[in-house]
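Since the structure comes first, as structure tokens, the remarks are kept for the end.
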Amino acid sequence: MYSFLNDYSEGAHPRILEMLNKYNYEQNTGYGTDIHCENAKGYIRKLLNREDVDIHFIPGGTQANTIAISSFLRPHQGVISADTGHIHTHETGAIEAAGHKIIAMPNIDGKLTPDEIIKAIEAHTDEHTIQPKMVYISNSTELGSIYKKSELIDIHKVCKENDLILFLDGARLGSALTSDTNDVDIKDLAELCDAFYIGGTKNGALLGEALVIVNDNLKKDFRYFIKQRGAMMAKGFIMGIQFEALFMDDLYFELARHANKMAKKLADIIKNNGYSFLVEPCSNQLFPILPNDILKEMEKEFKFIINGKVDDQHTSIRLVTSWATKEESIKAFKNFFDNFDINKISK
Amino acid sequence: MYSFLNDYSEGAHPRILEMLNKYNYEQNTGYGTDIHCENAKGYIRKLLNREDVDIHFIPGGTQANTIAISSFLRPHQGVISADTGHIHTHETGAIEAAGHKIIAMPNIDGKLTPDEIIKAIEAHTDEHTIQPKMVYISNSTELGSIYKKSELIDIHKVCKENDLILFLDGARLGSALTSDTNDVDIKDLAELCDAFYIGGTKNGALLGEALVIVNDNLKKDFRYFIKQRGAMMAKGFIMGIQFEALFMDDLYFELARHANKMAKKLADIIKNNGYSFLVEPCSNQLFPILPNDILKEMEKEFKFIINGKVDDQHTSIRLVTSWATKEESIKAFKNFFDNFDINKISK
Amino acid sequence: MYSFLNDYSEGAHPRILEMLNKYNYEQNTGYGTDIHCENAKGYIRKLLNREDVDIHFIPGGTQANTIAISSFLRPHQGVISADTGHIHTHETGAIEAAGHKIIAMPNIDGKLTPDEIIKAIEAHTDEHTIQPKMVYISNSTELGSIYKKSELIDIHKVCKENDLILFLDGARLGSALTSDTNDVDIKDLAELCDAFYIGGTKNGALLGEALVIVNDNLKKDFRYFIKQRGAMMAKGFIMGIQFEALFMDDLYFELARHANKMAKKLADIIKNNGYSFLVEPCSNQLFPILPNDILKEMEKEFKFIINGKVDDQHTSIRLVTSWATKEESIKAFKNFFDNFDINKISK
Amino acid sequence: MYSFLNDYSEGAHPRILEMLNKYNYEQNTGYGTDIHCENAKGYIRKLLNREDVDIHFIPGGTQANTIAISSFLRPHQGVISADTGHIHTHETGAIEAAGHKIIAMPNIDGKLTPDEIIKAIEAHTDEHTIQPKMVYISNSTELGSIYKKSELIDIHKVCKENDLILFLDGARLGSALTSDTNDVDIKDLAELCDAFYIGGTKNGALLGEALVIVNDNLKKDFRYFIKQRGAMMAKGFIMGIQFEALFMDDLYFELARHANKMAKKLADIIKNNGYSFLVEPCSNQLFPILPNDILKEMEKEFKFIINGKVDDQHTSIRLVTSWATKEESIKAFKNFFDNFDINKISK
């Protein structure tokens, strides 16, 4: 059984585990005040070419989103998101539980557009409605698509013009930035976003997201929020060590490139067999549309998520690859299609 | 420099790291639905001799407290705690941020008494005040003391009589249950508490607390709360693996006994040198009262936390040992006292 | 200048003011525990033919909605509403500020349908999303439409089948129940809803909504919520006195019938002049679609709210009548149309 | 039966009711945007000699406290209060339900001291605890005492030095400022506080508190908070009209002086009979300590609140007078003591 369920099925890349082993008996100070967190921040700042940004390591994505949003906004302010946004669809109302309304707008291929941001602003004009104050986007998106640099620039522009904070969820940032069709440099994010995070959990770490706060106005007292929301790990250094391993050299992007490469192979197999996709594949998440007959057989050998019914005979599914996806899985996938006898099924 | 700052300075016990390595490439399902979590729960249920309890792995203590309290209480209900309780003093208002008032009552050696619980109930009688609905205690306490079985029975009794939920924070439960003066069996907790947790972070794991819900009324939909508060780790299996390692044999208690043994050695050195303690030592946290002159020298060799001023010449400090404390540190501590020349200082 | 802005432009019906005067020097107990609140509850229970319901007087609608929803739901549960629902569009995120997500579904003429409720349920199936637990509807709706009895029965049915609480916002219940096209008896609401409220503010009172809790499971400790959210008025008896005045005889419905009668006259004038409506008028809120040229002139004599652009030449507006609307205003409105010379404008 | 239960037993002063009658059919705009609110604000600004302050009318005290505190603070910040403070003892955890911890410090006669404020600051120094950011005091206090000007200046000073917001709950401000022992001018409050409110409910209005925001940094978007917390009354003009009546001339203070005068008469009767007080009386709340034998008889003729046991034979009670207290009640109280035969009871 091969799993294409997600990119968090395995543990951590061996070089990360080695580092954790290496420093295991070292006595570090608690709560992320240790030397490894400092080192990791240094590497990331260098990569961004920005010494002035604040960086915090947060155990998971829902926490990163909730802490950032509830720290950056006042209670009467809301966040604009694509209606496919993770905060709107898959976080059990975490943002609302923190008191903030999400203004969900129609998406195009999982992406939010400046037009929709403006519509949201125009629909919220006085104290009888929530005040839009932040734009939430993710790169890659929930549908595996990625933002072009020009799209980010346009969103940045509409945010500046309307005094909105731009926050980018980078749970799968590695895959987005190493996509064949990507033209965004990680440095661009520090110029265009007020805050964003670099996901570790879905790119080879046991856990951890590196939240980068660029806008000075959003930096104050941020550690209070991390602590209040239970995200200040006693052994914060284990996130420091992992991000040190990921960013002391090119490992982070190396792992993401691998995931994308494996995804491309899967996509090619599907295309070569004549099937299409909900959204043109470009990162480590694929949403092929396949005949139900095939899926019935496929699920005997592979794990994946059913995305939704397309028509009576077709269903879209989600396939995800990761830093740990093996050639062996790809081969098995190819074999499945090569050996699949549609006529046999139909009988 | 030897650190007695806390019990979360080092990584994880080697047997835990080995297990993480061993299963690193195994493909597990996400969000704590994996086989390792199941195995670990099985070991803990067996230890408790209670197949009917629900068990959830939560990354950290503040999260465990917040999630349990906000799931178990309705918005108009509050929680009674000793005024030294971790939720009252060291969680940045996490419980209040979740909407609940803490009714802080005077402590005796860090412990809450039935008398104070009754006083709290009597002071909150109608809808103009919060409704007391839960009692929060921790074992061991913030001052390193532990509850005797008779004390837990008395607290349990006053809770039952007043329809209060009894919740025990066991961030340092290992140290409490392996204390020389302990007479509580872990099985007792499942009889006396509605819910409690078994701390991993402070007893040899990289992270993780095992929350045990005994009372059937408190079990429903609990995973929603874990997710909503960002504590449902994508790679939940890394907590499962660690608790599997801790409870497949006696490792959890073995580590706690080591910490206590090291603490006892420190305590004996201090006693032998004629100094006293804020609270009689019995677990892995010690609160000796030492002359300021000595402390001034001590902090050149050892790391510890200043607890508070006792009088103009004396200060209480906190020393903490762990599963990783080495004999070498104890020896250095003994050497320090052996070689310390009080007269030299005074000059 | 005549105002059709809303139904809360004037003070209170004279019989209400008289009652307030009459009892002004009487010494009443505080916080709604007085004899007038008891009397008013008695009248309403008799009207509903239900002695078993709990009734609470709440100063305003946003408070009534927030208190009911946050008392009835646990933190991981959400409320399904039409996307035009007042809680979704005009309460500044009050429900989210209380921690609950609103699941907004498409409306038909301002109404929520069983189909949309089922769609919402089907889209929220596990702990990664909020749990739908309540249906919020209002009667009349934000667009002035009203629910037929059969529609309420169908919604009630889908709620029962899916363990959802049905909550009806009756800020304008008087107008709904006295509409010419209404077939719902107020007694039906106590059979079909778990809770609902009877609006006073928009039907002749200075302030106050009578919240009726039918479902026994929702009654416990409700006064704690009223107090905690600042809705327990010290002088609660002033709401008791007003609802006593409204329900000791037929005054409440008399006032609503007047508002509807005045609205019908306005609607007829508009229809007679050949204009249509966004939603067929049936209560005290009208949404005519009028040429912009006419509106330009109309706003010199009348106050009303612009609802939205329909096409380049037409705009929908909102006209609201109340218990206090005078024949004089209607006449002025008729005169306006009679004397309006479309040709003169065009020049 | 005479009631000394509280100062909100009766309706409104006749001049207020007259004004409500007078403007009853006037068509006002909603939500506090009307001319009467403007007029009332003008009168209050003139009284304060400060044209730059923002003023908002809020229906009740718990709302005023909750809205102010949750608007002024960020989620990680707490408010320092005397442990007798209304927000800590009698608001059902409203402040915590809004997410903020109250740092309760020991009181002296119901008052908070600069020393206790400094102790609170010193105990909260890093991100593991809440950040103290506001001081809450009330004048008069829960024990009927009042702040001297020098005390307010000292508290103001410690607030400025520590970047704390000073917020004064003036639910009974009228009684405080017209006390015989008062040396504070209402103008002083605008100099010393960042925000405060002038209570109407307990001084002759049906409902309403006038919240004055002095500090420019606290003004932004405040109406959003009023709306979000359900305190933006549709018929906001009824608060405007009442405060117009109270402040267009000296009525507000006239009513308060009457309450104090009546209280003084009660206090003199008690003193003349040889009894003492928990706190020296100076405003419209008295806390005499009386023999239980007397109280047993007294409660047959008078309503009052039992405050607490003093010793086996004595209990402290609370007596409150108001703008509506009649000489007749005072006479009855005097008669009670004149005719009371202690020996008869003892037999």
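Read from first to last, the chains carry the letters A, B, C and D; within each, the first residue is number 1.
Note that in this section contacts are C-beta pairs under 8 Å (C-beta built on N, C-alpha and C of every residue); 3 or more make two chains touch, one makes a residue touch a chain.
Worth saying up front: this structure is predicted, and the values here are computed from it rather than measured.
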item: Relative to chain C, chain with the most remote C-alpha centre; value: B
item: A-C compared against A-D, more contacting pairs; value: A-C
item: Centroid spacing, where centroids are CA-atom means, of chain C and chain D in whole angstrom; value: 34
item: Separation of chain A from chain C, taking each centre as the mean of its C-alpha atoms, in whole Å; value: 43
item: For chain A paired with chain D, centre-to-centre distance based on mean C-alpha positions, whole Å; value: 51
item: Multi-chain contact residues (two or more partners), chain C; value: 75-76, 91-93, 97, 99, 127-128, 224, 227-228, 232
item: Touching residues (chain side chain C, partner chain A) in the complex; value: 75-76, 78, 89-93, 96-102, 104, 127-130
item: Sites on chain D touched by chain C in the complex; value: 2-3, 5-6, 8-12, 14, 17, 20-21, 23-30, 59-63, 66, 91-94, 97, 201-202, 206-207, 224, 227-235, 237-238, 303, 324
item: Residue numbers on chain D that touch chain A, as the complex places them; value: 31, 70-71, 74-76, 99, 127-128, 131, 221, 223-228, 232
